[in-house]
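Each structure below appears as structure tokens.
Two complexes, one shared chain (subunit A), two partners (subunit B, subunit C).
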Partner chain A sequence: MSAEVQNYQSAGNPCRQCMPLGASWAFKGVKGCIPVLHGSQGCATYIRRYMISHFREPIDIASSSFDETTVIFGGQENLEKAVLNVFNQYRPDIIGIATTCLSETIGDDIDRFVRELKKNQPGLCTLVPVSTPSYQGTQEEGFHRTIYALVKNLAGAGEVHAGEGPALNFFLPMITPADIRWIKDITKAMKGRAVVLPDISETLDGGLWEEYNAIPPGGTDQEEIKSLHLSEASVELGTVLPDDWRPGYWLQKQHGLPNLQAALPLGVDATDHFMKLLEDVLDCPVPPEFMEIRSRLTDAYADAHKYLYGKKVVLFGDTSTVEALYRFTSEIGMNPVFCFTGSPSGILKKAIEKLGTPPVSTTAPLVMEDCDFGDAEGIIEEMNPDMLIGNSKGYKIARKLDIPLLRVGFPIHDRFGASRQRMLGYSGTLNLLDQIVNMLLEKKQSDSDIGYTYI
Partner chain B sequence: MSSLIDNEKLRDEMLDIYPAKVARKRKKAIVLNDPAEIPEIQANVRTIPGIITQRGCSYAGCKGVVLGPTRDIINLTHGPIGCGFYSWLTRRNQTDASGDKENFMTYCFSTDMQDPNIVFGGEKKLKEAIQEAYDIFKPKAIGIFSTCPVGLIGDDVHAAAREMTEKIGDCNIFGFSCEGYKGVSQSAGHHIANNQLFRHVIGKGEELPGKFKINMLGEYNIGGDAFVIEDILEKCGIELIATFSGNSSYNQFASSYSADLNCVMCHRSINYVAEMMEEKYGIPWIKVNFIGAKSTAKSLRRIADYFGNQELKDRVEKVIAEEMESVEAVKNEVFSKTDGKSAMLFVGGSRAHHYQDLFNELGIRTLAAGYEFGHRDDYEGRRVIPTIKIDADSRNIEELTVTKDEERYNQRISDDERKALDEQGLDFSDYEGMMPQMEEGTLVIDDLSHYEMEELIKKHKPDVFCAGIKEKYAVQKMGVPLKQLHSYDYGGPYAGFEGAINFYKDIAQMVSSRVWDLVGAPWEKEGSLSPVYVESGSPAVTMKD
Partner chain C sequence: MSAPILKDRNKQVFEKGKAAFDLQCDRKSVAGSVSQRACVFCGSRVVLYPIADALHLVHGSIGCASYTWDIRGSVSSGPELHRLCFSTDLREKDVVYGGEKKLAAAIRELVPKHSPKAVFVYSTCIVGVIGDDVDSVCKKAGQELGIPVIPVHSAGFAGTKKDGYKAACTALSKIVGTDDSGEVSPFSINILGEFNLAGEAWIIKEYYRRMGIEVVSILTGDGRIDDIRRSHRASLNLVQCSGSLTTMAEEMKDKYGIPYKRVSYFGMEDVSKALYEVADFFSEEDPMMKERAAEIVREEVSKYLPAMQECKTKLEGMKCAIYVGGAFKAFSLIRILRTLGVDVVLVGSQTGNRQDYEQLASMCDPGTVIVDDSNPMELSHYIVEKDVDLFIGGVKERPMAFKLGVGFCDHNHERKTALAGFEGTLNFANEVCASALSPVWRFAPRRKK
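And then the complex of A and B:
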């Protein structure tokens, strides 16, 4: 669109993180799991401090702490030491091992290291390796690759499913602990049981403890991962991913398990589809209390319409969040004029093309992948939108251009309660809708010379 | 209560969990203090793989700590995207970018290395990125920071820097070989940063005139600390040429050789520059501490003593007297809340020492302390430097050979004057370290592991624990409040007199918070809550059996 969009070689204010962060996130959602990053200790430290500033919870990530000799002779000995020391200190059920740019550049064969380690140390806990070189992909790819590795390494080994009710495997994008709790609640309300992998609902949003736990409670139990193939079906929510990131696809191929795909349930339409999916697969009607919330939500849509209609909004962040927000903001009559992500995967462009132009607009939105805030700033300035929705890193632009920014996604380190942000289901949608409307009202009010209090 | 705990036994218990070899190694880093006869502590030794450490990497120390707070040098990360992203404005260094001053601190520049760059090399992309950064911002200087893969794939950031400096002409471009795996912690990165600043920037500017000129080294303006120090110095009539590197600019670094005294705050991260400047330009250095009201007063008096000017001395005394009045008032207000409480500090390379002064002022005892990336001299004092064993990790960090600058060298004070001042307590080129100040029998632990931290808290239950954000939420889950001393919990400033007042208030608030009493619901505790019924016509009756 704009002639000012240059194809820069470098990144200025990036809109993505690296694969090992996504891997750590995924491993943190497995019960009794400690992630080990195979590389320099700085990776573990940076990723810990970054995730902790978002979740405000303890997050332990170990490192194989390379030094200059490791770089020359390879990291096998360091990895062995790291795994044994983590095992001795924390007695975890599982150790997740993710590579970094350093170990990948020197060509460490992580799968072989783990095979040999298992053979030499038979008393160890479960080890799951995953290759996550930071010079490829983004945190999203690291996240999905890790879930894929967990399923591929473990699923199929179990013989029974513990727990009551028909089990559904949920493979979700990087959503909040509160939204995962909603997925579990709705499935339970419909007499099913959600096996969410990874389940960060408790590990990354826990309460105060009476007694100290070396590893925070919660997470997907390893035994459940082993029995994923025995569930009724897999449900993948979010954008359609490449096949080798999709554990649902793998379970289907290997074990013939039905694999269902749906959009993230944000907005009435997407939630309706999701509810219908649950109704069908669980053979249980949607409970009336959920329909009441739906009714309240559509009522709120009607009430909010005068504030939202035609308002220009810019969406950014990871592909799944941006796609869901695009669908939702289009639905409520806003005009999502520009969507961008740091991910170069091609997924977002395809997804938004499929969704088409928002009803309120006659022109297709600008969608940019492999985009950073440096590229986006000039475009946003030119478009002069009413609102930005995305992570905290958009603040610089929001401040400069005096445009309100609603914080959604990751990272959020300048607002409180990121783990409790709700946007899924009828109730989550309602929460997000209220926030959008109020932010627009606040701007209108503070921009007014008079300061009306009825708006 | 804590004095009843047998720290020696606690140490053995902490070590129990480790395999014999690891336990032997860790034991050397966990010592019981004796201020009369300082024991040797193992420090600046590589963290054992799998031990969850507070430490970061060389890149973090170089790019994040030392160069990060300078507003008008473009910091370009050469590597995959993660490192640049995670170090993007994450430390809370403030800067005064008012007016039309250039400020690049809110930007994150990265070469965003991809697969093909790893395979075929990234120098071309680096040079393009430098050109792009220059074309957009026209900065005076660009620093290139190497991440892990850079050294491995053979990219020569220094050659690229030279080539681009020549090509561009009016921009000073220099590289840092601060790959994350170098050295054992951030500390290696500090040294690398010091070397390159000394080599490429210090001395490039004009000599500045003035009276009572000093540099403040190792003050990074977290939470606005440097602003407070700038104000105090100005009140006293002491001229600040450059701060390394809080609220700093390129030109200040370049002209910093004009100062007549270097004052070192964070000894660990910057002592190299102090030493090298003395060698090359003849500027002596003293250790100062502006954390704590008394320490601030003492530091100011020492600076005034150095210049030996009576007018300056009087002015300093006047400022101290004025400031101490409000400091004392706030202290008296909060003292009853803080007196007799206990603290532990595991942070940084100087903060774990400096903040003990503030806690002392509040009547809070330090039960245990240690650094994340300190060396033995930061614990035991500089006198041990000749006995520090050089291992493979430190050998790989370049030591610059510095010689006198024949034109600009200027011995600021004569040998006799120096000797006399030394005897007065100026202690040139010295730092006595943390341990002489700590009580006998307290625990000093280097590179505290996450696991050891948990054991320490379980046993001692300190009233406040000081560390960083990585530790914050784990410690608070145990019912102990944690004060972040890297970012100040986004509060501060804590330096100087004004900072002391802020700290007193924040700590008083922290140790008197009642949220920890709410950990268990009242009905989970026996007999702690009884129902109150209101009967008509009679006063409320508490029902008890």
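And then the complex of A and C:
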């Protein structure tokens, strides 16, 4: 099986998107920011459409619109024009410039372009360039590179922190607006203040408008990014990234800021760990209302355990989500037999290896990186799992093999409320647990000839 | 507030009645304008995608393929190869050393696995730059595998979506005319530019069947390579969706002497016309065909008209904005909306040409704004200025409409409801009602009066 898989020259039904999508996502979490993709028009439009279909919010992404002559003479002039047009039309605080495969292939030096642009057009807003050629990685890499670029370009310039309470920098993977709101709430409840980068909690999940906002309200203020080094500490959540992707690591090296790393708080163990971390760094006990939810959650674990025990589950999506799901499904007695991601980074393999075999199993799970649905389908068919958990692109397999699919992560193009999906903290875990159990019950019910009304 | 129009785009926005008609179009998108257009590749994909027994291989980096995987509503009555996504997924080393070997290997690997009737190889932006000789790889693979392996030159930067249509037509013309076997009725047509979104082609085909006409091929809805091979033997070509397949129709006229007519299947008026025109064409050989067409129109109209009228009483006086891919569709939409009593106050397209816009201008009331290759800043400005109740467009415009408390109807390739034909017209009216008349808009801050 795997030998054949490795010989594949083509990708069939990919389980990943491209770097500038991740870059756009990150830039959308900065206040007053418009992304410009340096390349042809199509990339920007496709990425917009793809993200809009998930978030159901207006998402404007500009392009420097290459044509044949740009490809021959380079894209400096186009970029300058694009930046000026975006600046004049949107009046942004910040323009994020991400490259694409095309501009990288013709060898455009984006850093130099931006330096010269700043010199020639002194009245412009902040410009942050990032190199994101998709042939080097997926949306995840693009996302992390962009956060890193934002921090490296801006942090250190500020002199004070606005706002109250000890500030914590949160560097998060691509999680939902609702989960970001939870992180902000819990930090606030513990008398701290979360500076979340990127903060898409409002920009990509906002309300109706009185008048049209060229740039949706919300996002991390760039003044706050400039003052990140003045916070109490950084907290990096998710899988452990290579050092040169880690903004917390950079702040530590440059500014001596403590950098804490923790798993995404999904499940009791991971959330306990996260709460402890907050308690220590904020020097404040977890408020009792949060602990009440914890006890409700463990009670639900008890109520649910029999439905879950040994149930085989396949997990897929971005590395941080899959890692978190692996930890959680193991914790509740399911058997995550197969984990895959489109990312070729090597991170997922390492992470799952570290977590070890699930308690209900004696064999380690199969973990595949750089894996497409085309590769995964045969394996899933053979394993015959009880459930799939991942993004909506897994639906083709789910339908073909008649296995329930719980939609988590990105993209979710065939369900409603993707932005409000919760899985972090005790409350988010409880939400996900309910969904998993119900999905298994529903399958059992609909598969049975008897038509139980009472399970 | 004046409209936020970029200096370079001043001439791509026109308000009827303010000055003599003057609108620029057919231009590359302005850098930094958040154009709603995609790219050349998108144009080719749109046209060829519905061919269900061909393998569609995207040669380039992964994103271009990922974003176009199964996003369109083109359905098939048989094979569904078109709904799978294949890419050569070029990586760093391929960019340095070239992707030809990988492409050749991919074709060789995929064809035996999926047994397609043909392969379309789309070259995207970077392929042109890294210098792959896609033509010769395809040629060689085709000879080896015994099926057509056809390159589609669709580098995103090399023009606009319209150039992608042309590239698709060039690819199709390599298949058209390659099979002379079998019988074809003298009363036969091809339908070009019909993509069978939500099964629309089947609705239309059924009308023609009832008229006694054989539909040899549909380019490309529910498309099959073998049908396309024989398509040169039809007596008449019908071209819907003006932009995309007119070049193909022209070519078939020159090469095979097949005349063509432009038709539209949106709105009862236009569908009726599309049936009558064909009956007219065959009237010498079959004088009764006209009567059969009239019968269909009578029957269908009487079936759906009462419900349409009911919609009209609810929608009368509402104001609508239209922004669609091709201008030809906008003509039909204006006509349908008129019959529903709705005023069109803004109309635009991604790819219209000068003739199209002249016709739009002549159809519209004074004060109507006409835009070419517009962007969210302009569109949202006019939604507010013209106090629009309803927006007809694609997914990218939807959240903008909703934020402002404006109803929305998706008339793009992603739609899952059939909007063509007589029943489609009523579906459209119902969709419009379902959004424009929803009670939720009273919670939208902008609509609280």
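Rule of thumb we're sticking to: the second predicted complex is superposed on the first by the 449 of 455 C-alpha atoms of A that agree within 3 Å, B and C clash if a C-alpha of one lies under 4 Å from a C-alpha of the other, contacts with A are read in each partner's own complex, and residues count from 1 in each chain.
One rule holds for everything that comes next: a residue touches a chain if its C-beta (ideal position, glycine included) is under 8 Å from a C-beta of that chain, and two chains touch if they have at least 3 such contacts.
Just so you know, these numbers come straight off a predicted model, no measurement behind them.
After alignment on the shared subunit A, the placement of subunit B and subunit C results in a clash.
Of the two partner chains, neither subunit B nor subunit C is touched by A:E224. Contacts of A:E323 after superposition on the shared chain: neither subunit B nor subunit C is touched.
Residue contacts after overlaying the shared chain place A:V71 against subunit B and subunit C alike. By the touch criterion stated above, A:P14 is placed in contact with subunit B and with subunit C alike.
After overlaying the two complexes on the shared chain, residue contacts for A:Y46 are found with subunit B and with subunit C alike. Common to the subunit B and subunit C contact sets on subunit A are residues 8-14, 16-18, 20-21, 36, 39-50, 52-53, 56-68, 70-71, 78-79, 81-86, 88-90, 100-102, 105-106, 133-136, 138, 208-210, 212-214, 374, 393, 396.
Only residues 4, 6, 8, 28-42, 57, 60-71, 83-92, 94-95, 102, 105-106, 109-110, 125-126, 128-130, 156-159, 376-377, 380-381, 383-384, 395-396, 398-400, 402-405, 443-446 of subunit C touch subunit A when the two sit together in their complex. Residues 17-19, 22, 46-60, 76, 79-88, 90, 106-115, 117-118, 125, 128-129, 132-133, 136, 147-149, 151-153, 179-182, 184, 392-393, 396, 449-451, 454, 457-458, 468-470, 472-474, 476-479, 518-520 of subunit B are the ones touching subunit A in the complex.
Interface of subunit A with subunit B (complex): residues 8-14, 16-18, 20-21, 36, 39-50, 52-53, 56-71, 78-79, 81-86, 88-90, 100-102, 105-106, 133-136, 138, 206, 208-210, 212-214, 216, 342, 374, 393, 396.
Residues 7-14, 16-21, 36, 39-50, 52-53, 56-68, 70-71, 78-79, 81-86, 88-90, 100-102, 105-106, 133-136, 138, 208-214, 374, 393, 396 of subunit A touch subunit C in their complex.
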